[in-house]
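For reference, the structures are reproduced in the following blocks.
There are two complexes below, and they share chain A, which is joined by chain B in the first and by chain C in the second.
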Partner chain A sequence: MIATAKPDLVTVNIDGKEIAVPKGTNVIEAARLVNVDVPHYCYHPKLTIVGNCRMCLIEMGMPAVDPATKAPIMDPATGKQKINWIPRPQIGCGTNVSPGLHVRTTTPMVKDAREGVMEFLLINHPLDCPICDQAGECKLQEQATGYGRGYSRFIEDKNVKPKRTQLGPRVTLDDERCILCSRCIRFSKEIAKDDVLGFVDRGSYSTLTCFPGKKLENNYSLNTVDICPVGALTSTDFRFKMRVWFLKQTNAIDTESSVGANTVVWSREGTIYRITPRRNDEVNDTWMADSGRVLFKAVQAPDRLSAVKINGTDSAFDIAINAAAELFKANAGAVAVVGSGRSTVEEQFLTKQLATALKASTHLVSRVGEGDKLLVSADRNPNVRGALVTGLISTLPGVKLVDLGAQIDAGKVKVVVTVGEDLAAAGLNAGQLAKISLIVLGTHAKSMDGGAKVVIPTLTAFEKSGTFVNQQFRIQKFLKAVPPMAGATDDLIVLAKLVGAAGGATIPTEVNALWKTIAAAVPALATTTFANLPETGQLLDATPFSALPFVEGETLHYKPAQPVVAAANA
Partner chain B sequence: MAVITVERKPLTFLERTYLPQIAGGLKTTLKHLVAPKKTLEYPEQRPAIPTGYRGVPTLVMDPNGREKCVSCQLCEFVCPPKAIRITPGEIPADQPDRAHVEKGPKAFDIDMLRCIYCGLCQEVCPEEAIFLQNQFSMSGYSREEMVNHKDRLYELGGTLPDAHFKWDKKKAAEEHGNAH
Partner chain C sequence: MPAPAQRRIIFQHIDEPGYTNDIGCYVRNGGYEVLKQAVTRKPEELIDEVKKSGLRGRGGAGFPCGVKWGLVDRKSGKPIYLIVNADESEPGTFKDRYIMHQDPHQLIEGTMISCFANNVRQAYIYIRGEMPHGARILEKAIAEARAANFVGPNILGTNYSCEIFVHRGAGAYICGEETGLIESLEGKRANPRIKPPYFPAVLGLYQCPTIVNNVETLCHVKYIAQHGGAEYAKIGTPGNTGTRIFCVSGHVQRPGYYEFPAGTITMGQLLNDVCGGPLPGRTFKAVIPGGSSAKIMRFGERYKGKRKVGTEMVDYDWGVEDVPMDFDSLGMIGTMGGSGGVIVMDDTVNMVEALANINAFYSHESCGQCTPCREGSLWMKKISSRMVHGQARPEDAALLKSVADQIPGRTICAFGEACSWPTQSFIAKFGDEFKQYSETKKTAKPADAVALI
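Up next, the complex of A and B:
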């Protein structure tokens, strides 16, 4: 949030601790600021408040004033103003702070209320934690331990409901576990704007279901799985794959578009099992698109490149660099470098160094799709702005590599270095590809690899650390989640070696050390270091690029500076 | 350091003959000659295993011959030497006997070169599916032979009486109970 005016602060007292919070904050959020946990299920900071789970019951009161004179009534025992406590518990999520509000969360009444709510929630709960995917990150487990009674008085038969209903292509519903908090319904309606979920039937027959003829199949359906406080909604892809307590969490960035949604990559022993969103109120709140959650499958895809090749036969890394060096020497002045908007800022910086050392022209491949106005923007490259900031390109990339094609046709370019980009898909025809010697850095096999002089396998975004600059010019870092695949080399090492082969200076290849070089060379990043980059990212100065016609339309936390130029989409 | 000089007592006449000591030694030997045997002709004879003995960990079936393990992976989590490795899998809906259990192990490996026979897997198991039973000798010619796979674990484990019939009760509830 941008601090425009100082928000009106309201002083409240929570469990004896005074705190000033902005007006409009509810009691759960205010209590969080003083490290008091108010348990809740249905409340979600990014959704509307319904107050139907009744777990966040608290006791509250206001300072007493004389009704007639409005003079404070003092308590002679303590010498302080008397507090009029409301005799019944109130819900914390639906109560906004007001000046002088007093809240108690540790009284017997609150404890009884929580135990009662927990007991009712658990009477029909199947208690199949051993087979439940939510176990380990389940609010019901946590709060039964923290606030529950510890034993059950329920001796009647539990309700039996369907256990594996497919709500959509990616979401499976276990009806027995549902506590009817309605978070998923509110998400679909308010955030995804695809109102397909609802409750039918009454009482203990209440069931979450899709409206007739509809399916939960929008590109944000898996967020309902993330926000489900229990194991009712589960991801069909992750279902029964791995228990969450084995998984290591690594902060990452969604690479599917220039939104740069913050994510967490969950992996165990070098295998990635799932990707979930990470809260960043300035970028993606707590959401991410389903399409970004399957990107990890590329890491172990069968078409991953795993061997250095020269003219199509297996070779070794050093020999490949020497072969590249010879190509550079033999064709001095006739080299072009195709950078990538999918490369990290560091790689783009090195690509720029390579181009400078070779006196080569630089090109970037554009990927333009349709933005969904939420968390997938029109620019499907995650890091075009990084290429602008590092000086790899000065204007936005054209639709196809027309310039490069013309240069090849004119015989000005004889060697092309491509960093992860498929030149055939990017607009070069077979005749043009046949005319050039190709040096390919890439992660996956592509149609043009066959004719390439040198192919060096590199890493996917999950196997390396780096930074991306998103559409807001916010530089965000991501960390290495899994070890690199055998046979592939870090892009930074490959690029630094190529710079050396082109006669350039030696550049460090470790990210932290490299950032010292970057900070010295790129004025916009002079004060940035990789280690100190905040979790939520850092905004860079966008004014030098304000005249460029960026293709993105409006998304969740982004408004284009100028109207989108229709021609850019053509 | 102070030195205490101890006076060595001279041996008596009997002691100098060594005869009482020889007699004492022979008495001990003769006593063991006639005493009942303590040793076993292993491996033909096997010792009686006391209850609560912690032998090789095994997987057991319930009295209906279904696997009890639901691959919750708690034993894998608790195992101190990381000897257990489970690949969970889904039980397809077309198995009427077990479909309501939903989840079972696709693969279950216990590396007996790593296992320290601590019994924590048995203690932690919420389904009472893994037991350390009587078998105490494991041998093999290769490392691979020393890894017990799922079929071997069930072969070793056999069927144990079940006190709870949790999944049977669940199925009965599904058929006759408070079905919604």
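Up next, the complex of A and C:
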């Protein structure tokens, strides 16, 4: 591991509290470290600073020195160095710390400035909180309560602006609520690299809009909704669906690619309403793709499998396991296991145990698409590296299940267990499928299910807890957001039962207990426990796999491994 | 005491019979001789002359030009740009347009000398959108100067090359703010930039060091290059050197432009002796001394305090008529010399209505970037136009002042001050008129009244 250079530290004094912070930190972030809240709207830690909302105005000063001798000037009253306070309030977002900087956030000047800005922001704001989706997570609401005066002196007519403009397929804009902070404009330009938003008109009549002929339709458009501090930009999908304070938040991981963007799943009474990004400065900053936000719709999709089936007729779980056991016994040595890059590390570990017990060959289905260089990588499986770490596979999966097809054609494989994968889509032809007895673990109906011997419904990623290893070899955990669908069984239980049916040892299926087994069996995970896995994930040693030709190109916070030639020459 | 005589150095040829704005006329009158001589000198010498001259910027803020040039980052290795701020848009100011219309080559010569002194290879004249005629004249003048080798490659055989481009704004007051102007010149919305870090002298146009000077300032540079900084400093008074052009408008007998050595003329001399006093049967009520954003002065009030004369502090007790028209004296009594736009109002003017007009202007011109100015300027406009439309309340004066007090010092650029100072000063000076306005003005807005924009 390369040691990071120690940053230069600068000591500043914020409301009387001294703190050393890295050079280049701005005052808002420095104050955060001493639990001083500097309210702000336009400032966002991942965007450029424009300093236009003026909410973060605070008082600043520098220690006084004699201009001629550079000797400190002492204040006889306190015995400390005198502070030259700047007579005007300064913005915290645009001011980087400098040695000895003093900041006051509780003085009458600061209070007055905040009250003034709050009053100005609210005079033309519709104050329609009772029907606004942002209510409950609105910065304007919070800071009006925290820093506003609490009464209105405005008796004029409010400005009239467009309501419910469709900026794109997923984003709706209410211009009257907009406080013109320009976060969305900067996000589109700087992060999404799709410069489509801008202001028209001047002064208080300034109006956010798309450029003529343009739409906010890139795959990151919903991030503008997340960073909008007020209810101006709302998600067309989530709009008017649910009050945010009724929703339960569960930490999760985006499963659409190997980036492993950190997310929050918002649910109520077993129903998921939305997915938003969760900040992880090592993986996805504060962003996620729009495509990952609709994945929860799979949970209640009409094609969800809900009944155990044997030869196409409804059955029971134990009968299905027994049927599988019989198939294993009858075809000993002729079983293959198709694991999944969408399975969790725990499931992949159990899949590996199953294959070992059956002395079966293991296969993985690859999903390769085009990376967008931001937060959707070329590998659309979230957890291929988990399969490598757990030993389920030792090389990267091929494009199609060619090996397995050949084994079936040669008559070497007669039974295939597939963990969530559609074998027809993965390259087996109808003739090959007809030759085998199929044991299917899956969440949704697939074309091949009809011919399957055994079908056992399992859970989507939202109904279970587990871990994924992303492209950086960062193991990250996610938690169960909603209860499992009736009729479906946790993959871990199904796999453990199948291991038993194959004559293997009994393995715990509760995730914390299972991790003890995993840690004992997999050296790379020897020190990992599920409970103690940090929120930001834990980097695993990638060196054993450095020779593998991973398909990912560059994305946010990820660069493909460089060829080692240069290092050898050095 | 009678007014001193005008001394025209910048407006020497303005409205001179027979004087035309082509290069032939300019050269016949000794034009471009200063440039020819300047390019034989060392650039540092020229900068030094400007520093010695004490020249203060004529755009409004009165920042010393030599200091501004001294701040330019010359070690970055990036090109240095010079921008001529010809966005003269402060209401009441009309000096730069005379220079551009009638004596454009004076500006071009001053610009080229300044470019040479600062090793600038590319200069822009940012001209206000409402002045298409001026833009055409400048384009023509630059072409003439280029043909005569005063502009362009290898100027006068010195191996020094510099181009000037005219850029027309789209007509917005805020484009006169230097960082807003730079944004606009880069093709963006003219939102002023935050300082720090975007000081034009370091990170200006295209993130390169940039000098932004007013049209009149650059004409002064030409004069300084010709006569030397020390000689220029003898004109006017210490700290306020050179001449000042006053653009007098409003209720006087002879409104117009007048050029005087700075600090030598008082407000009373300017308005009574030079401009012929109030219109028949009227008396002066108020005057705004430096463009509409400057704080208003009320005739009859007294300004008292101590001021520095030489090395001594002396007491002063001035009426409006006694105030010398220079940056420091006007600053001392709480207003500013600004751009030299003197707006005179006599006793026929209702101050609430005058303020409503000014507020309408500033709310229309706020760029809309920072909250206090964006919302405050429009709120003040809504209050004052409601007042003039017959729905004034006695408490509106206090509300207006309170709103105005929430703006200055809390915005990115000086527009916050520009839009709030009129309201603050009108109410401070004419508070009685505002309080009584609900009684004096009862008529509702006529149906055919033109709305304040």
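Observations on the structure shown:
Here, the second predicted complex is superposed on the first by the 558 of 570 C-alpha atoms of A that agree within 3 Å, B and C clash if a C-alpha of one lies under 4 Å from a C-alpha of the other, contacts with A are read in each partner's own complex, and residues count from 1 in each chain.
By definition in this document, a contact is a pair of C-beta atoms (placed from the backbone, for glycine too) under 8 Å apart; a residue touches a chain by one contact, two chains touch by 3 or more.
All of these numbers come straight from a predicted model, not from anything done at the bench.
Chain A is touched at more residues by one of its partners, and among chain B and chain C that partner is C.
When both complexes are overlaid on chain A, the residue A:F246 reaches chain B alone and has no touch with chain C. Contacts of A:I131 after superposition: chain B is touched, whereas chain C is not reached.
In the superposition on chain A, contact of A:F211 is made with neither chain B nor chain C.
When the two complexes are overlaid on their common chain A, residue A:D157 makes contact with chain B and with chain C alike.
Look at A:I123: by the touch rule set out above, it reaches chain C but stays clear of chain B. With the contact threshold set out at the top, residues 156-157, 159, 204-205 of chain A are in contact with chain B in one structure and with chain C in the other. Taken in their complex, chain C has these residues touching chain A: 172, 189, 191, 194, 196, 363-372, 374-379, 382-383, 386, 399, 402, 406-407, 409-412. Only residues 70-74, 76-77, 88-90, 93, 100-103, 126-127, 170, 173-174, 177-180 of chain B touch chain A when the two sit together in their complex. Against chain C, in their complex, chain A makes its touches with residues 49-55, 57, 87-89, 91, 94-95, 112-113, 116-117, 119-121, 123-124, 153-154, 156-157, 159, 179-180, 198-199, 201-206. Across the interface of their complex, chain B is touched by residues 126, 128-131, 135, 156-161, 163-164, 175, 204-205, 207, 239-243, 245-246 of chain A.
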